[in-house]
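Here subunit A shows up in two complexes: once beside subunit B, once beside subunit C.
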Partner chain A sequence: MFLQINHIQKKYKDKLVIQDVSFGLEAHQTLSILGKSGCGKSTLLKIIAGIEEQNKGDVFLNEKNISNINSNERNIVYLFQEPLLFPNLNVFENIAFGLRIRKLASADVEQKVEQMLESLELKDHDKKMPHQISGGQKQRVAFGRALIINPPLILLDEPFSSLDVETRATMQQLYKTIAKKFNITALFVTHDLKEALLMGDKISYMDKGLLEIFDSKKDFIEADKTGVKSEIEFWNNL
Partner chain B sequence: MSTTFKKRNILLWLLAISFITPIITLFFLSFSKNWRFPAILPQQFTFENWSYLFFSGGNIAPSFLISLVIALSVALFATLLGFITSKYIAYHKYRKKLLMLTYFPFALSPVIFALCLKYYFIKMSLTGNVQGIILAQLIIAFPYSVIFFTGFWNQRIKQYEDLVSTLGGTTSYAFRKIVMPIAKSLILVCFFQCFLISWFEFGLTSIIGYGKVETLTIKVYQFITEANIFYAALSCCLLILPPVILLWFNKKFIIQQAK
Partner chain C sequence: MSKQKPIHIISFLLLFVFAILPLILGFGFALAYSFGLIGGLNQGFTLDNWSALFENNDVVISFLYSGWLAIASLTLSVVISMAIAIFFHKKFSKGIYSYLVYMPLAFPSIVAAFFFAQFLGNSGILSRICYQLGIIDNIQSFPNLVNDQYSFGIIVAQFFLSLPFFTLLYTGLYQTERIDDYTQLANSLGAKNRQSIFRISIPILLKKSFPNIVMYFIFKIGAYEVPLLLGRSTPETVSVLAVRKLQKFNLYDIPQGYAVAVIYTIIILSLLMLVLKTNKNEYDI
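== the complex of A and B ==
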């Protein structure tokens, strides 16, 4: 497995947020993690990214144990619910940020950022500051900033939750295209049933600190706890 | 022009006049001599006060310099230390208790606080010198700076730091490239506030300084107790000069930048 999580446990004071989570994910696949607010899904992503420390368990990436490696050395990008563009940098510099950290030559930075702006249809916005662009554009810049450093794993924590329905649908489509184009391996956290089904190659459900991965979308739909059946029933009875 | 607009303009003018009139009066007094009741205007306008105080033993220039050195040092140390300390307090598990401690120097009046500290300052040979006064004023300005910056270290800033980290940047890289530029305006405002705290400080300075360190504020009080209103006015003019320059700087650079 490209990503292997073994018996992760996390406590905040006396509250067990993650009980015992283990799973594996193949390269170039997206795993959707569906769950209600407070079920521990964001904490799980933060542990994998290295910005939270687990109480027990290990994280393996490409068969290497990264549990004790600092987040800045893991090369795993965490995308927050909000785009979190750096307010003091323009669109170009926001996308170039990871490359500047890696001290790439200016010409290379320029070329890579230009290409990324092109792929994200943001070519005309490169000089704009974050407050001058729309929510959807901000989220695209955040994607570009993550993708440009070519991370082996991307963690997306409800990245479209703050967008309106229309922009959200556009972004979901864009993500699918990008994921295919850049061969992305990702964990996609959401509390939206439809989004979980749309975005993931594999789907899982997290509840009370436990994660269950479904073998197929059919199994996911048929499981009572995921709420798909009651959703279908609701629309049929309307 | 609407009536409301006219009223607002009048109110603004009245406010401006009430701020500017005392300053003009101070300058007027500083160039005056022999102004006795019931004369409406002074008998003489002269540069004598200014030249005496600066060149003939008035010792205003050294006081001005000492005040400037003390205030700039206090503002610099308090702002830098406060900015860094507030981060550790904001993310600490005993955040509330630690913040409570920072309010302690303000629970007492500066004079009482200085008297409490005097024993330790004497033991460390920090009375009657500039270093001692800087340290004493830092005891007030540093907690102020910590309180000032605590609100800055919120969840969003933490997320920016985490994001930089997952993009491969170190804590110091995040600090230099993201946190500092975001906090720049706040840092300048805090520097300005700490400068003012130090610049106008009297109680702590007179007790810890033993009257040996004659800051501009101490000088003003001396002239007032000597009933020399002309010299007192002159020192006041000098006292308000740096804050006015800082205020202008604040308006020109920080507010315009924020816009």
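== the complex of A and C ==
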């Protein structure tokens, strides 16, 4: 497995946020993690990213144990719910951030960022500051900033939750396209049923600190706890 | 034409009468006095007061000296308070530290000035402690820290007075601007702690606090009590120079005092314009 999580447990004081989570993910796949607020899904991503420390368990990436490696050395990008573009940098410099800190030559940085701007349809916005672009454009810049350093794993924590329905649909489509183009391996956390089904190659459900991965979308739909059946029932009875 | 609500008219009138009008009248009075148009000893329009003011470099030196003192104490305050916000923001957000930081704000400038005169003077508290500890042999070997040529005493006192303001400002900004989240994100993108501090935390905090820095600079450039008590007789800060010209025995110097006030007002208004221009409302699309 490209990503292997073994018996992760996390406590905040006396509260057990993650009980015992283990799973594996093949390279170039996206695993959707569906769950209600407070079920521990964001904490799980932060542990994998190295932002939070687990109480128990190990994280393996490409068969290497990365549990005790600092977040800046893991090369795993964690995307927050909001795009969090650096407000002191324009669009171009936001995307270039990861390359600049790796001290790449300016010409290389320029070429890579130009390419990324082109593929994200942001070419006309490169000089703009974050407050001058829309929510969808900000999210695209956040993607570009993550993708440009070619991370082996991207962790997306409800990245489209703050967008309106239309922009959200566009961004979901864009994610599918770039995930294919850049061979992305990702964990995609969401509390939206439809989004979980749309975005993941595999789907999982997290509840009370436990994670269950479903073998197929059919199994996911048929499981009572995921809420798909009641959703279908709602629309049928309308 | 849309009809103005009475409350808007009243609030504008109050603002105009109590805030704008006194400033306009004060500035107009000072301007007229400096050009000899009003004042007991003045005899009509003249440029003599202005040319007398610039006969030597005292005014220019005063402005440069005031600017230097403000920049030196502000730089110290900004650097140290920012370091406190970045490294100890959790300590200052609650508990005893969050109360202690307010303490120096309770000191009026004049009290702080007297305290530092007593503390840093040749025969002051610090000097006595150094003597008792055997660091100096006699009182004379203690360096001049008050009324000294480098204005050490003034800078320290100004720094002491402004540090809590900036500490509160930066610890507040650290939370509201979500610097922790930006740092985590920068680290996740591969930045080392030093890189996230210098490329992200400091630029964001500086950008957000720029208007406050300029406003505090304006406030400090006009400081009076601290430079009066802890500074030398020359060079003088702008306020000390202006008050000396306005209140000392030679009544013919009064128009020059007003001319200094006019220059000071123009510089301050220019700085305010700069703040307003650079602090245009940033809004999300």
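Methods note: the second predicted complex is superposed on the first by the 238 of 238 C-alpha atoms of A that agree within 3 Å, B and C clash if a C-alpha of one lies under 4 Å from a C-alpha of the other, contacts with A are read in each partner's own complex, and residues count from 1 in each chain.
Criterion: contacts are C-beta pairs under 8 Å (C-beta built on N, C-alpha and C of every residue); 3 or more make two chains touch, one makes a residue touch a chain.
For clarity, every value in this text was computed on a predicted model and none was experimentally measured.
**Q** After the alignment on subunit A, I want to confirm one thing: do subunit B and subunit C clash, or do they fit together?
**A** clash
**Q** After lining up the shared chain so the two structures overlap, which partner does A:H131 touch, if you call subunit B first and subunit C second: first, second, both or neither?
**A** second
**Q** Tell me the contact category for A:F97 with respect to subunit B and subunit C: first, second, both or neither.
**A** So A:F97 meets both subunit B and subunit C here.
**Q** Go through the superposed model and pick first if A:N65 touches only subunit B, second if only subunit C, both, or neither.
**A** So A:N65 meets neither subunit B nor subunit C here.
**Q** So in the superposed three-chain picture, is A:S22 touching just subunit B, just subunit C, both, or none of them (first/second/both/neither)?
**A** It touches nothing on subunit B or subunit C.
**Q** Which holds for A:N55: it touches subunit B only (first), subunit C only (second), both, or neither?
**A** After superposition on chain A, A:N55 lies in contact with neither partner.
**Q** After superposing on chain A, which stretch of subunit C overlaps subunit B: 45-53, 99-107 or 135-143?
**A** In the superposition, subunit B collides with subunit C along 99-107.
**Q** Subunit A residues touched by both subunit B and subunit C?
**A** In subunit A, residues 49-51, 70-73, 75-78, 80, 84, 86-88, 97-98, 101-102, 145-146, 149 are touched by subunit B and also by subunit C.
**Q** Under the touch definition given earlier, write down the residues of subunit C that touch subunit A in their complex.
**A** 177-178, 181-182, 184-193, 195, 199-200, 203-204, 207, 282-285
**Q** Can you check the complex and tell me which residues of subunit A touch subunit B?
**A** 46, 49-51, 70-78, 80, 82, 84, 86-88, 97-98, 101-102, 145-146, 149
**Q** Which residues of subunit B touch subunit A once you look at their complex with the stated criterion?
**A** Touching subunit A from subunit B are residues 156, 159-160, 162-170, 173, 177-178, 181-182.
**Q** Help me check something: in the complex, which residues belonging to subunit A touch subunit C?
**A** Residues in contact with subunit C: 49-51, 70-73, 75-78, 80, 84, 86-88, 97-98, 100-102, 129, 131-135, 145-146, 149.
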